[in-house]
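Should a chain be cited, it is by its letter among A, B, C, D and E, assigned in written order, with residues numbered from 1 in that chain.
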Amino acid sequence: GDADTGYAKQIKAVFADAGWDSIRFHNAVASFIGGAAYNIAGEDIPGTTPITYNGLISGDVDVYMEVWVDNLPTYHDDVRAGKFKELGVNFDDNKQGLYVPRYVIEGDPERGIEPMAPDLRTVEDLRKYSHVFKDPDDNTKGRIYGAISGWEVDTVMRNKYKFYGLDEYYNYFDPGSEAASVAAITAAYNKGEPIVAYHWDPTWLTGKLDLVLLEDAPYDPELYPLGQTECPSMNITICVSNEFYEKAPDFVDFLRKYRTSSALTAEALAYIEDNDASMEETAKWFLKEHDELIDQWLPEDKAKLVRNKLSQ
Amino acid sequence: MNNKNNIILEVKNLSKLFGKNKVPAFEMIKNGSDKREVAKKLGVTVAVNDVSFQVERGKIFVLIGLSGSGKSTVVRCLNLLQKPTSGDILFEGKSILSFDKKELLEYRRYKVSMVFQSFGLMSHRNVLENVAYGLEVRGTKKAERGNRAREIIKLVGLEGWEDKSISQLSGGMRQRVGIARALANDPEILLMDEPFSALDPLVRSDMQFELLSLQKKLNKTVVFITHDINEAFKLGDMVAIMKDGKIIQMDTPENMAANPANEYVENFINSVDKGQIYSVKHIMQTPSCMIRIKDGANNALKQMRDNSVSSAYVVGENLELIGILTIDDAMRVRTGEISIQDAIIRDILTTNEDTLVSDLLSVAASAKYPIAVVDEDNCLKGIVSKAAVLSSLV
Amino acid sequence: MPDWLIAFPSSIKLNISDPIDRFIDYLITEWDAFFNSITNGLRVFLNSIGYVIEMIPWWLLIAIVFVLTWRMSKKIGKAILYSLLIFSIGAMGLWELMNTTLSIIIASVIISIIIGFPTGVLVSSSDRLDSIVRPILDTMQTMPSFVYLIPAAMLLGLGNVPAVLATTIYAVPPLIRLTSHGIRQVDREVIEAATAFGSTKWQSLIKVKIPQAMPTIMTGVNQTIMMAISMVVTGSMIGVTGLGQEVLISINRLQAGRGFTAGIAIVIMAIVIDRLTQGIIKKGEAFIDE
Amino acid sequence: MPDWLIAFPSSIKLNISDPIDRFIDYLITEWDAFFNSITNGLRVFLNSIGYVIEMIPWWLLIAIVFVLTWRMSKKIGKAILYSLLIFSIGAMGLWELMNTTLSIIIASVIISIIIGFPTGVLVSSSDRLDSIVRPILDTMQTMPSFVYLIPAAMLLGLGNVPAVLATTIYAVPPLIRLTSHGIRQVDREVIEAATAFGSTKWQSLIKVKIPQAMPTIMTGVNQTIMMAISMVVTGSMIGVTGLGQEVLISINRLQAGRGFTAGIAIVIMAIVIDRLTQGIIKKGEAFIDE
Amino acid sequence: MNNKNNIILEVKNLSKLFGKNKVPAFEMIKNGSDKREVAKKLGVTVAVNDVSFQVERGKIFVLIGLSGSGKSTVVRCLNLLQKPTSGDILFEGKSILSFDKKELLEYRRYKVSMVFQSFGLMSHRNVLENVAYGLEVRGTKKAERGNRAREIIKLVGLEGWEDKSISQLSGGMRQRVGIARALANDPEILLMDEPFSALDPLVRSDMQFELLSLQKKLNKTVVFITHDINEAFKLGDMVAIMKDGKIIQMDTPENMAANPANEYVENFINSVDKGQIYSVKHIMQTPSCMIRIKDGANNALKQMRDNSVSSAYVVGENLELIGILTIDDAMRVRTGEISIQDAIIRDILTTNEDTLVSDLLSVAASAKYPIAVVDEDNCLKGIVSKAAVLSSLV
């Protein structure tokens, strides 16, 4: 009965689809719950990070489920300036840094791969293994696949490269885009070749490939920007536009409570990868699987509506 | 005839130079340098150099001259396809250079049409559409211009080819499409740049005939470029010979043939078939011996002997031609063998002053006696001998 | 050898970045209303195209392609081939996405032709104009769309409107260039003949120059369509859904097959649109004079 | 109305995605050595171009632009303008980046011309060939480059080599099309005259068709250069440094001004390269016959 | 003369159709349908229909005919610019249709050159480069071909224009570039499609002279299309008239002018200046009264009276012409007033059999007596009267 009467008052919510799967997944979950309980008509708008972020500021995007705070240089200023509302953290237990495939260190007898850098543990250890991670464009040095150009962490990684004196042995290679970076890692992995690359977790890639994060000095907020420590886990926040904040207070309340973790996200991504499932299917599966989240996120009446909808 | 009001087109001191450095080049030719010098010194081609002429309404003005002498350029100035470097061109007394956009458009649409030396046909249009082009830009209705175009296409002998594309036509057919396009417009002035050059003699003389009858019937004015001197003299009321951008002689065909201005003109018109230009009045002689019928045989014999000829023309009271009396017959009249009336040969050849010599050829060849030239009243004006016919053809 | 002899001296500094930023800020703050009205106008146009395309049932669209191809090429084989190609987009499960993409492409191509063709004609008429326009066209084609997409998105919002604008900016230059080039190549004599018969500038354009230049102009239209379609993915970076988005998703997941599938759907659209446009223009020529 | 009458029936399914994936996997695993050798060959070519460009001191490059422009246009104003434009790239602090980008563009344009020009000539000679090649060109221009760039990057590695390949794939079609179109437009009579005097096919091509088609071919070269330059950013998405990378960085950092600065540098390169190429080709025409 | 070995070019049953449906169209014309029917029924243009002729080495073969009658098509088949629909063309006995690529190339490069009706000049090359084109494709060295081209450019009167672009030339100049290009190649056979149509009479007769002397001196063979009948008859050793794709008469100029095959041909060659075709042998008569010098005055008088003429030709022992004796003088000889030797008028006009009638015009006009026709040995062959000259021009 609700659906019919509510149809006229439905509120449109534009979710940012900044181009990767986890944000789409979270969009789908929030959208599903919005549709089931808050009379929200969710809709994804595709775009790149900077463009969707701008859209959030200008009001073209209503809900941003995963803002990778550290990749956006102006984020903190913008929040302070009130250009949009930060509602909370979606998850903050993610990792980032330099990864190598496990077989590089340990070998893989099944694929007949010998360990290539058996003593590789830390970033600093890379100095010994430049001959392993050869740069195809420059046979005197190795190659480190860096972070995506323009991201804040890119500066940090470049500093780290200098700090550990890796610049003497390696070229820092800018892969240009996420897709290219992933392609490079995947190609190397499939061929069983050595590679060292910046990456982060959770992604479907880290879920699928067996990668090892190289260790680094413990995090220190002062030294981190200089590249001297490991990366902190980043706050992945949920934000809404000012307009939407006014327009759908109930739904915003729900988003404020929305919280997952890297593990949960990775689980969902794996489900997508394994079942070739659509985002909507995955969202339903996820909410069924983690029923407890519904109670954590929603007041009782709304939780009922969601469960009703799930059981349809 | 030379009434000012009858001048439809007047070209005054027209010059046209091609290339940069026009100003110094202009100075040079003003100071008497010739085309070749200017070309060498400044790289400027003097296509037309101080040309002036007048075209009377309803007349055919023919331009002839050496290849590259500037004929096309002159004609292209007449509808301002080429802007004169200096000089003026008056249409009905008004300078076409002073025309505003609209006047120029009207002038080109209604007053003047052109047949291009290299046809200038539109390859994306078929024959009919090409011919109808001028009417189309004027705004004539589709059906009407179709009819008109079909009519003209028939006139130039391309009936049945209306729907063909230009690329399917032979050279002469293309030229006829160009002619038809200009005719379809029914302009007051036709500018024709070697319009018949690709036509065979049969089609060509048809076209010449059509052009002449158009001009006569509808009082069209034609400026005509040709390399065929016979054509020039046949069609032209006035012929101008160009050389190195200048007009070196301008006259009626007869006068030009009779008095070429210089050796160049003489050479140029050498190949002309003079029988086509000369009419009887140019070659007739006063009959050396003319007797009145009432004069009697004795008188006739005396006159023949005095002039040492063997025959005499006999005329009546009012100089009307009666016949010929030979010296033999005159003697027989004197001896009373026959009467003078019977002795006169009445069955003789006559012609009139305006007959073309060429038309007299066959008659002259078989004539026993010189041919008598008479006027409308049958009065004897003169005689034409075989020798005169022959020598006129030289 | 002193360093400045090899490396560009770092002491010379030209900063245009800050003024540009200030200018964009100024635009956003002061011209908001103006850009909003543009956006709304364009959006109405886009939505109506989109609406029409949504309305057409799939079998009707295929039938239209079939009939048009048949009437234009007179070859039933071609008609069947093109219909099958379009059908295969549906079979690949991309019908809805195609519809979305189609409306953006159609809108961009229509706008490009409306702008590009007259501009090309204009440019053909004057060397001065040509030398002014040419660097502008170079800029339109080579200025990376990303660079102006962000300010454009800020001014015009996300979604179809800035995408169509960006697509048009990128797609219109070849049409302008080739229209101008084609008209300039028309035989001087034929134009002279038109002039001699008292054609106005407009008449010699419509009746002579454009028909004669048509093959070259058609190459321009083809290039414009190709450029427009090649912007599909970029459009998806500023909020357009459809096949471009499908490509982006599959790239991010490294699903080459899926990406190629979407890419092939785009290519099929390109081929069919191109052929139909060429056919329509060819037919249209016949009607251009009156 | 039944659903399938409006929406495309979902029961019809064509899956080409899996076979494509399998094919790419097969390529990656089985043809690795082959692609490696291609990569290495190309890399040598690219590196040598890059090396030469690196070698040229900044003032020499500006001088070269000055002299070439002057000799070609005979206008000192133009020569000064273009030199200043190039100088301003340095002043904007982008000289090094320009050098990197320049070598990629030059390589792509050279390869495009080497491939595109003969192909265009070939295609002009046969309608059959044309109807085969045309959809291929459509595909090259509209298949989103990412779709094949990522698999290409997996086969060839990241960096300059796949970027040059992708750029070439995208940039070569206009040259092929316009070369073919230009040659087809050459006056039949002039070709006949060449034939009548016993020209071989090759001779009528070199001595008549190509010179007569040159203006159109030059438009094609211009388009190819524009396309190649418009791929600069795409190239940077698979690891090419240079101005494209600068654009990406500034976009990711939301620095519109900085992005425009890099964009303007790219545009300046485009304008200067275009003018020089057009000039060189025009001059070159004179030498084509012996 | 009609020696098989002397035939350089032989066209056998050549047909050329344009359009689709060639096979049924071919059937139709074989069954006797004419061009128009075929065009109407099948939309096929029958450009050339079963044409056969032979061209002897060193001769000029002229094609004339109505516009669109297929002349250009025939000529374009001779160097395979157009592939015949049926029939064969033999060059020195070998079918050019059977030539392989290389032979065809050699044939076009060294054996045959063409002047195009609409010039076919290359707008991207200047005058010199256009003229040198044929030599260039042969591989002649640059300096050599430059010299050769300059020479020919001078020959056609375009010296000084070598560096101009084609667009700067007038129509006639362009045509001369086309002629020069063909001549520069120095081929055995020249195919000339209305090569002189855009030329003024002076340049044209220069060109005709050049062509004739080339042909005579270097034994060139020429296939020549023209619309100018005078030109056809002046240049042609053999003339063929085409109509609707067929050759309707093929003969020497004299024979054709004398015996036109039908009214069409007669009409067609009507405009010809017959003085240019007919030579004296066509119009001379046997002298009606010829006396030997030893016959004496009485005999002469008797003969004159018998033939009722007033003068007689006097010949010597070997029939060599001595002079004319008038009837008055003969009477004076009989009365002993003067000797026969003194009475004979020796200062008389003579000509020979091959003189063109047109060249005789001026002489005939002023001649008192008929002109004597003699051979090399001064033997009297006949006489030409004024009347005969006149009537030959009709």
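Miscellaneous remarks
We adopt the following convention: a contact is a pair of C-beta atoms (placed from the backbone, for glycine too) under 8 Å apart; a residue touches a chain by one contact, two chains touch by 3 or more.
What you see is a predicted model; the values in this text were computed from it and never measured.
Set against one another, A-D and D-E show the most C-beta pairs in contact at A-D.
Averaged Cα coordinates give subunit A a centre that lies 95 Å from the centre of subunit B. Centre to centre, using the average C-alpha position, subunit C and subunit D are separated by 19 Å. Centre-to-centre separation between subunit B and subunit D, using Cα means, comes to 64 Å.
Counting only residues that touch two or more partner chains, subunit B has 118. Within subunit C, contacts with two or more other chains are made by residues 150, 244, 248, 251, 254. Counting only residues that touch two or more partner chains, subunit A has 48, 50, 54, 179, 183, 186.
Contact annotation for chain pairs lists A-C, A-D, B-C, B-E, C-D, D-E, with touch applied as defined. Of all residues in subunit E, those touching subunit D in their complex are 79, 81, 105-110, 113-114, 116, 118, 120-125, 129, 133-134, 136-138, 142, 181, 185.
Put simply, subunit D touches subunit C in their complex at residues 5-10, 12-22, 24, 57-59, 88, 90-93, 95-96, 135, 138-139, 141-144, 146-148, 150-151, 170, 173-174, 177-178, 181, 184-185, 215-216, 219, 222-223, 226-227, 229-230, 232-233, 244, 247-248, 250-251, 254-264, 266-267, 269-271, 274.
Residues 18, 36, 39-40, 45, 64-69, 72, 117-118, 160, 168-173, 175-176, 193-194, 197-205, 227-229, 267-271, 273, 275, 361-362, 364-366, 386-391, 393-394 of subunit E are the ones touching subunit B in the complex. Contact residues of subunit A toward subunit D in the complex are 48-50, 53-54, 71-74, 136-137, 145, 148-151, 173-177, 179-180, 183-184, 186-187, 190-191. Chain contact summary for the complex, subunit C toward subunit A: residues 149-150, 153-154, 157-159, 236-241, 244-245, 248-249, 251-254.
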